[in-house]
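Per-chain residue numbering starts at 1, and chain names A, B, C and D are given in the order in which the chains are listed.
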Amino acid sequence: MGGVEVLTILVFAVFVGFEVVSKVSSILHTPLMSGANAIHGIILVGAITVAGQAEDGWVLALALLAVVLATANLVGGFVVTDRMLEMFRGRRPAPGAKEDAR
Amino acid sequence: MGGVEVLTILVFAVFVGFEVVSKVSSILHTPLMSGANAIHGIILVGAITVAGQAEDGWVLALALLAVVLATANLVGGFVVTDRMLEMFRGRRPAPGAKEDAR
Amino acid sequence: MTASAPLLDPTWTALLYLAAAVCFILALKGLSSPKHARRGNLVGALGAAIALVTVFLSSRLANIPWILAAIAVGAAIAAPVARRVKMTQMPQLVALFNGVGGGAAALVALLELPHAGAPEDGWVRLAIVFTLLVGAVSFAGSAVTFAKLQELMTTRPVTFLGLPVLMGAVLLAALAAAGAVVATGSVPLAVVLLALGLLAGVLLVLPVGGADVPIVISLLNAFTGLAVAASGLVLGNVLLVVAGTLVGASGTILTRLMAAAMGRSVVHIMFGAFRGGSTAGSTAVSDRPVRSSSPEDVAVLLGYAQKVIIVPGYGLAVAQGQHTAAELAGALEARGIDVEFAIHPVAGRMPGHMNVLLAEANVPYESLKEMSEVNSEFRQADVALVVGANDVVNPAAKSTPGSPIYGMPILEVAEAKQVVFLKRSMRPGFAGIENELLYDPKTALLFGDAKDSLTQVLGAVKAL
Amino acid sequence: MTASAPLLDPTWTALLYLAAAVCFILALKGLSSPKHARRGNLVGALGAAIALVTVFLSSRLANIPWILAAIAVGAAIAAPVARRVKMTQMPQLVALFNGVGGGAAALVALLELPHAGAPEDGWVRLAIVFTLLVGAVSFAGSAVTFAKLQELMTTRPVTFLGLPVLMGAVLLAALAAAGAVVATGSVPLAVVLLALGLLAGVLLVLPVGGADVPIVISLLNAFTGLAVAASGLVLGNVLLVVAGTLVGASGTILTRLMAAAMGRSVVHIMFGAFRGGSTAGSTAVSDRPVRSSSPEDVAVLLGYAQKVIIVPGYGLAVAQGQHTAAELAGALEARGIDVEFAIHPVAGRMPGHMNVLLAEANVPYESLKEMSEVNSEFRQADVALVVGANDVVNPAAKSTPGSPIYGMPILEVAEAKQVVFLKRSMRPGFAGIENELLYDPKTALLFGDAKDSLTQVLGAVKAL
C-alpha cells in the first residue's frame, strides 16, 4: 500500500476520531477513555508479527515481553471498561430521555 | 490504487459524512443541502477527464455536454449557497449562543 | 487535438486530491455550524478549485480549448441565475443544479463504458451501470421536482391506478438491462438503461406532494453523490469516490433529519400517496362559526399591546409579505411595543425558510426567536399574530394522538392572551387537518392574502 | 521455530482488518452514547478478536507456541486484576494498561529498527523513532500517574528549581538521539532514545497534582494511540495505523473535553505548577466562625423535611461512604421524604465518578439528577446535604471573577432553605479556594469523615 493511500486513510481516521467523540456526555468520559485505551492494545498484532519473525533469542524474548504487555493492555482494557459500564446496567432511563440529558 | 484501499477510504468517507452532519441545526438544513449539492459538482473532474480522452466527435460532444452540466452544478451550487448564507451575515449572535440553540 | 504532457506525478496528484477531499470535509463541517457556514462553503469552493487545477496538470488531456470553452459556458449560465434567483425560488434552483450533476455523472459513465472492455472489469461495469441508473433517476427526478416547485405542473401528488405496477415493471426492466450491460458491455443497451432510469426518476417523484419536495431534493442529492462516487470507481479517481461518498452519506442523514423535523418518515413521504396517506393538504372547508375581524380591530389590538409575537408561516412566504411584516414590526416597536418573531423549524416549505425570508427583509437577528426560546414567552404576550401559518401552531400536535402531526413540537400561541390569524380562508395547511385554535374564543381571524392584510393593518396602526 | 504458511491472501487480510477497523469506529461511537456504551465496548473486543485471528492466519509466523503462551500470560495477569479492582482504583488501572500498551509499541519499534535498513526507508525510521519516544513517554508517564493515584508517592505536584531546564535538556537530547537514529539506524542509540523518552515521561507527569491525573491519563492514552499508529506505518499494517489514529484523535478531543468540564485548559494542567498556579489544594485553614452541628440536629433537619437533595463529592468517594449515603436516602424515603442525588459532572476525581459510585451502591437511576435538571429544584428543597463536596457547590464560580473555578457551572445549593456540609475540617477542596457558603447563616457543618458522619446521622434518623 502506497504512502498516499496510507496518508489518506490516516486523515480520514483523524476526522472520524474527532467527530465520533465530540458529543460525548461527561458521564461517559471515563469509560470512553478506558475503551479507547483498550483499542490501542491492538498493538498486540504488531507484537505478534515481530515475535513471529524473531530468529534470535534476545529478540524473541523482547518481542514476547511486548506480546505480554500488549495483551494486558487489550484484555485488561476491555474487561475493565465492561465492568465500569456494567454498573450502569438496568439503570437505563427510557430510551431517548438519557440521550437528551447532558 | 487497489480495491481494498478504495473500499477502506469509502467506508471512512461514509463515517465522516454521517458524523459531520448529524448535529446540524434545522436552520442550516437548506444551505447544507445546497452546499453538499455543490460538492458533487466535482463530477466535473470526471467530465474533463473523459472529454480530454475523447477522439471521436460524438463522444467529445457528449463529454462537453457533461462538462457544461457539471460546471453548472459546481459553480451554481457554490454561488447559490453563498447567497443563502450571505443573508445571515451580520446577524450572527454572540459566539456560542447560537451553537447551543436549536 | 494535441495532448499536453502532465506536469504532476501521481504522488503529487494524489496529495492534491487529498487536500481537495479534506476541503470538502471541512466544508460540510463548516456548513453544519451556524458560525462557520459561509466560510465552510468557501472552503468547499477552494477544494473544487484545487481539484480542477490538479486535473488539468496531472492528466494527458486533449481538446483543452474545447473543455475550457464548455466550462466557461456552464459557469456563464449558472452563476448569473444563481446570483439573481429570488429567495423563494431557491429550492427549485438547488433541484436543477442537483439534476444536472446527476446527468453529468450518467454521461461520464456512458462514455466510459467502451473503455471497460476487459472481462476482469466486471466491477467497473457494475459501477458504470450504477452511475448510469442513479444519475438518470436523479436527473429526471430533479426535473420533475423543478417543474412542481416552479408550478409548471400541479404541485399535488400525481398518482394513477397502475403507478405502483408500472414502477415495479420499470425497475425490473432496468435491473435486466443493467445485468445485460454488465455482461455484454453493449452501449445501445446502456442507452436503454439510461432511458429506463429517466422514466424511473419521473415515476418516483410524481406521487410526491409539492410540499414534500424539499425532502425529495435532499434525497436525490444523496443519490447524485452516490452516482458520483461510483463514477470515481469507474475512472479510478479517489477524489470523486470520496466527495461522492461524503455527499451520499451526509445527504442521507440530512434527508432523515429534514423528515424528522416534520415528524414524518422518508418512506412515508416517498410512497405515502400510494397508501392514500398523502398530506398534500386537503381543501375541505369547515363551516363552524369563527370570530372574524377587521384590519382596524387588529391594529387596535396590536397598537395597545405591550408584547406582540409574530408567527410567520408558509402563507407569508407565498404572499411575499416578509417586508410588510418587518415594517409592521418596526411600526409597533416605534410605539414602544416589544415585538418578536417566533420561528418554527419547519414553518414554510423548506427548512430554515422563515429565517432566510425574514433575514432578507432585514429583520434584526435578535428579534428572531427559535421555538425552544420563545415558547415560554407566549404566556407574557398580549397578542400572537399568526401570519399564514397553521400546522406549526396546531394544538392537535399535542392533544390528538393519531393526527398526522401528532408529536411534532409546536409554537404554543394558545398561551398568549389573544391570537390573531391572517389567512385567506378556513382551509387547513399542509397537513390537511383542522386547527381547533381557529375556533377558540380568544382567536380572531382576518381573512385575506397575507401581504394585503398586513398592509392594511400597517396602515391602520400608523393611523392610530 | 517452524514457519506456518499463511492461509489468507492479502486481499482477504486487508478486508478483515478493515472489518476490525470498522468495529473500532463503532466501538468509539457506541461508547459515546449512554444507551449503547456497553455494546460499543463489546464491538471493540470483537474487532480485536477479528484482528488477532487475522494476524495468525495471514502471516508466516514462527514461534507460535511461544506467542500463544505469552498471550495467555498477559491475559492471565490482566483479566483477574481488571475483574477485581475496586471502583475507586479504576483510574490507576486504566493508567497501567495504557502504559504497558505504550511500552509494547516502543518495544515493537525497537525490534523493527534493524529491518529498516535501506536508505529509502528514511520515513520508516522516522516512524520508528516517533514510536520509541512517544511509547516510552507514555509508559513512564503512566507509571508515575499510577504511583500517584495508588499513593505510592505524594499526590502533590513535584517541582524543583531546575525542572523546566532539565526537561528542556532531556527533550533536546532526545531530539538529537532521534536524528542520529534516523541517520544511522543504530540500535544502541535507539536504546538511549528509549531511556530519554522514559525520563521525559517521568518529568512530564511529576509536576501534575494528583487530582489532575485523570486528564493526564487521557492525554497519555492519546499519546499511546499515536505511537501505535506510527508502529503501524513501520510494520506496514493499516489496521494499526487506523486504530492508533482513532485513539489518538478521539483521545485528544476527550482530554480537552475533560479539562473543559473542569473549566481548565490542558496546558494549564500540564504546566501550571511551573507558573505557581497549581490548584492541587491549599491546606490553609480559615478561622472565621461557622455554625457546626451534631448528627442528631442534622437527623432532625432531614427527618422532618419534605424534600432533601444530597450532593455527593470527592470526600464521599474517599470515605467510601456511598453505601451509607444510599442507606440514608432509603431511610428518609421510608419516611415519605422526597430524596434526590444531584450529580455534578466533575464531582470527585474522575469524570462520571459520582454516577459510577452511586450506581455501585444501587441508588436507583431515577434518583440521580444531572446538574441541568436539578438546579431548578434546589429552590423547593428544604435541605441540601453536601457530602464531601466543595468546589462543585462554591458560589465563587459565579460571583468571583479571577477565582480558579470562575465560570465553572455549579450546583446551586445556596437556593435550598438549609444547607448541611459533611466534611472533616475547614480545608478547601481541590481548587484550593475558600467557600463562602460555609459561613452562610443558613449553613450548618457536621465535621468528621463522611462515612462516619453519615452512619451517625443514619442512626439518629432511624431513632427519630
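Points to keep in mind about this one:
Here is the rule we use: contacts are C-beta pairs under 8 Å (C-beta built on N, C-alpha and C of every residue); 3 or more make two chains touch, one makes a residue touch a chain.
Heads up on the chains, UniProt names are A, B = proton-translocating NAD(P)(+) transhydrogenase; C, D = NAD(P) transhydrogenase subunit beta.
Just so you know, these numbers come straight off a predicted model, no measurement behind them.
For the pairs A-C and B-C, the larger set of C-beta contacts lies at B-C. With each centre defined as the average position of its C-alpha atoms, the distance from subunit A to subunit C rounds to 40 Å. The centroid of the Cα atoms in subunit B and the matching centroid in subunit C are 15 Å apart. Averaged Cα coordinates give subunit A a centre that lies 33 Å from the centre of subunit B. Computed from the mean C-alpha positions, the centre of subunit C lies at a distance of 45 Å from the centre of subunit D.
Annotation for subunit D: residues 25, 238 touch two or more other chains. Listed for subunit A are residues 1-3, 5, 8-9, 13, 15-16, 20, 23, each touching two or more other chains. Pairwise, the chains that touch each other are A-B, A-C, A-D, B-C, B-D.
By the touch criterion given at the top, residues 1, 20, 24-25, 27-29, 31-35, 37-38, 40-42, 44-45, 47-48, 51-52, 54-56, 59-64, 66-67, 69-71, 73-75, 77-79, 81-83, 85, 87, 90-91, 93-94, 96-98, 100-101, 103-105, 107-108, 110-112, 123, 214, 217-218, 221, 224-225, 227-229, 231-254, 257-258, 261, 345-346, 350-353, 355-356, 359-360, 364-366, 370, 372-373 of subunit D touch subunit A in their complex. Those residues of subunit B lying in contact with subunit C across their complex are 1, 3, 6, 9-10, 13-18, 20-55, 59-60, 62-89, 91-93, 95, 98-99, 101-102.
Against subunit B, in their complex, subunit A makes its touches with residues 1-2, 5, 8-9, 12-13, 15-16, 19-20, 23. The residues of subunit B lying in touch with subunit D in their complex are 2-5, 7-8, 11, 15.
Subunit D meets subunit B in the complex at residues 11, 14-15, 18, 21-22, 25, 238.
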